[in-house]
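In what follows, a structure is listed as structure tokens, so that the remarks can point back to it.
Labels run A, B and C following the written order; every chain starts at residue 1.
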Amino acid sequence: MTEETVQPLIEFKNVSLDYGETKVLKKVDLEIEEGKFYTLLGPSGSGKSTILSLISGRLQPTGGDILIEGKNVNSLPSNQRKVNTVFQNYALFPNMNVYDNVAFGPSIKGFSKKKIDQLVKSMLKLVKLDDFSDREISEISGGQQQRVAIARALANQPKVLLLDEPLSALDYKLRKEMQSELRELQQRLGITFIFVTHDQEEALAMSDWIFVINDGKVEQSGSPVDIYDEPINHFVANFIGEANIVPGVMKEDYLVSFAGKDFKNVDAGMRTNERVEVVIRPEDLDIVVPSRGKLQVTIEDQSFRGDSYEITAIDDAGNEWAVQATNPAKIGQRRGLKFDPEDIHIMRLNESEEDFDARLESYEGED
Amino acid sequence: MKKNKIGNLYLWLVFIVLYVPIFYLITYSFNSGKYMHGWKGFSLIHYCQLWADTRMIEIVVDTLIIAFLSSVLATIIGTFGALWINFAKSQLTKNILLNFNSILLVSPDVIIGASFLIFFTAIGLSLGFLSVLLSHIAFSIPIVVLMVLPRLQEMPVTLTEAAEDLGANFWQVLNKVTLPYISSGIMAGFFMALTYSLDDFAVTFFVTGNGFSTLSVEIYSRARQGISLEINALSAIMFIVSLILVFIYYFISRNGNRKRTPGLEATK
Amino acid sequence: MKKGKLFFAVLYVLWLALFVVVPIALLLFQSLTSESGQLTLNNFVSYFSSGTYLRMTFNSIFYAFLITLITLVISYPTAYLLSQLKNRQFWLLLVILPTWINLLLKTYAFIGLLSRDGTANSFIGLFGISPQQLLFTDSSFVLVSSYIEIPFMILPIFNALNEIDRDLVQASRDLGANSWQTLWRLIIPLSMPGVKSGVQSVFIPSLSLFMITRLIGGNRVITLGTAIEELFLTTQNWHMGSTIGVILIIAMVATMVITRERKKSVLRRGGK
């Protein structure tokens, strides 16, 4: 265990939530620090929104402890927490206009009219809606409603802003725009954002730190690059980006065998001849003439993807490989697959996150 | 085309049948004669008689007071009831409460009247203004609940959650978010209560004593004595008032409609 | 939070108890006691052994049935035609409007219309028919009651028809059904919930309307409602009045059970 110097802003210790027989969360541990952009990424029903509800106080855990700034807040009601939420469907009050929606939190706190006015105006400016304060909610577009929801939550000056799949209702282009705007906003304000999404691309593009949630558990947490490059298991590899996953055997440190051949790689710290799963990303594979390839394959299928071709190839051991290539290939042709040792990622079966981190540290430290 | 014509003809016939008695009544209020047949020429004499009839004016005022007071109180209690039913966690509890709620809505007037009469006598309440007021409140509450509850049920839970998230306590959520959201349902409930009260005859007939009377009861006792064109004059005025009320109600529910309320599904 | 919810509950629960449960319980209690306050079934025994009461009950049910049938026959086509109109909400408002006019005033209008020198007699006089006794007959009671109940039958049927997805009708035509087949096999079955609730809201009041019997039907006791009114307010025999009240409640519950929507059975049929 490393020494804890900074107290985390939010901490989950063994947090569980059951509804009778259904276990929604299974002993979740997580730490949130100040000033970072976090993403809870997972498929629908994985429990990621539940974590958000627990942080905001809409739900109470049935086991474990939730701490905010070191204090146990298990039963602190939501209106007394310094966190605010941007809801999935915005939940803007239909009986108030844009201004009154944003002014809601400050007026509840009993701020003076002048202070409220200042606050609301600066928030609307922040989300670029200065000219919309008198509009009714029904009169503005979905994208603008989104911004009002953000301004309303920020007007309460929270330490943490929770965003529950806020971009899912927007169209593709607007979503892209909002992604970079949210990221910029977070950096400018310097407060913690916790963002929930099921869109891995969104998570990779925005976050400082990602928690991959599945089946009520945190599968893996780390920086986007770490998670993409070193997925801990089958689920994470598949959920984040596209992945070729084939069975293999770790012969010794830095030597793995799959598809009937041995390859040099960069992983270590496993038992000799341990059965593992091998991950290679489609974009790390190149199609070359058979003699230059490390693996010989037959082209099965290909489809055009706008900026690239997605090619499916089958090796002699019967494994299927998805390749992202810039040039087309001919179906039925014999070709070679080229990749580098560092493109090969090894996943041990049923490895816990702690063991995984420890093992990575043990041999990366040797370098 | 041909079928359409027959259809339209049929509809016209139905509408004529629906409105003939009403216009017949109003037309004869302007008859200078004394009967509801044999047109003797235009006159406002029956309106003048009505205006001079202090007993009748008094009864109209009493009726309006009863209607207004009972619908305000029924609206408050009914709205609270709807809020409470909506808080109930299990669907079973909700259904049981709703079934109890609608007992008075489906019960025949005579049953309500008779059982209230027994009740008031049993607790020793003398019949009069208070017994009529209490009865009107009682039979208006369930319709208010039925008008308010759908609005509450269609209100997204996230609105309440958002308000709490922004620091509002229970009462602030109720005041600033919930009540404004369901206001069109509350208004519709109020108007329904108002018409229930103005319209009621049977229940009032049972629980009103000798000293107190409402318009319906008065019309009944006068009509039993025969035709008096003063009643026609009164009905013409009431028709206009009803018309105004209907349009106010229509306007409210249309306004609510914009914010997605159930429309003009008037229920009896 | 808890306190707030409790606050809402108090007045409403008080109402439920005092004005729903207690009065009905008292009515039931009255029906089961004698003048001297003893528990007895005598009231029911005398009800079932009295030819007058039984005949009156049978008549009341028969008239209510007749009124329901007449209003249904008139209202279904009306509701259907209304649902086809462009400005149907406006026309519907015109159907609702008469219900906002005091019941007694509408009844009163018929006293004028149906009287011996009244307009109805003058009208049939044009065809050479001599004036008839229209008022104070059983048929005038049925006529006026039907008139009053028509809007309450049209409304639920209209709502049910209006809810039918237009695409379903298109689909039925697309599959080769003509308009009669579409009406018979699709629209009428789909509008049955509306018909049932219309029947419910016409049949039950028709059992109990006593002012129409008094004013139009000629002061005779021909419905359950009139009997209750007479026993409570004229002869002051509350025990017997409550007994007939209980009979009326039983009739009401029976009507509701018969016209209830049986969701489960629909599901089962759909499952096959």
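Methods note: contacts are C-beta pairs under 8 Å (C-beta built on N, C-alpha and C of every residue); 3 or more make two chains touch, one makes a residue touch a chain.
Bear in mind that the values here come from a model prediction, so they are computed numbers and not experimental data.
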Q: Just say which it is for the chain contacts: an open line, a closed ring, a star, complete, or other.
A: line
**Q.** Chain nearest the global centroid, as defined over all protein CA atoms shown
**A.** B
Q. Centre to centre, by mean C-alpha position, how many angstrom separate chain A and chain B?
A. 57
Q. So how far apart, in whole Å, are chain B and chain C when each is placed at the average of its C-alpha atoms?
A. 18
Q. Approximately how many whole Å separate the CA-defined centres of chain A and chain C?
A. 62
Q. Can you list the residues on chain B that touch chain A in the complex?
A. 156, 158-159, 161-169, 172, 176-177, 180-181, 183, 258-259
(Q) Give the list of chain A residues in touch with chain B in this complex. (A) 56-58, 77-80, 83-85, 87-89, 91-96, 104-105, 108-109, 138, 152-153, 156
Q.
So in the complex, the part of chain B that touches chain C is made up of which residues?
A. 7-8, 10-11, 14-15, 17-19, 21-22, 24-25, 28, 35-38, 76-78, 80-81, 83-84, 87, 100-101, 103-104, 106-119, 122, 134, 137-138, 141, 170-171, 174, 195, 198-199, 201-202, 205-206, 215-216, 219-220, 223-224, 227, 231, 234-235, 238-239, 242-243, 245-246, 250, 263-268
Q. Chain B touches which residues of chain C in the complex?
A. 1, 4-5, 7-9, 11-12, 15-16, 18-24, 26-27, 30, 74, 77-78, 81-82, 84, 89, 91-113, 115, 117-119, 122, 147, 150-152, 155, 159, 200-201, 204-205, 207-208, 210-211, 214-215, 224-225, 228-229, 232-233, 238, 241-242, 245, 248-249, 252, 256
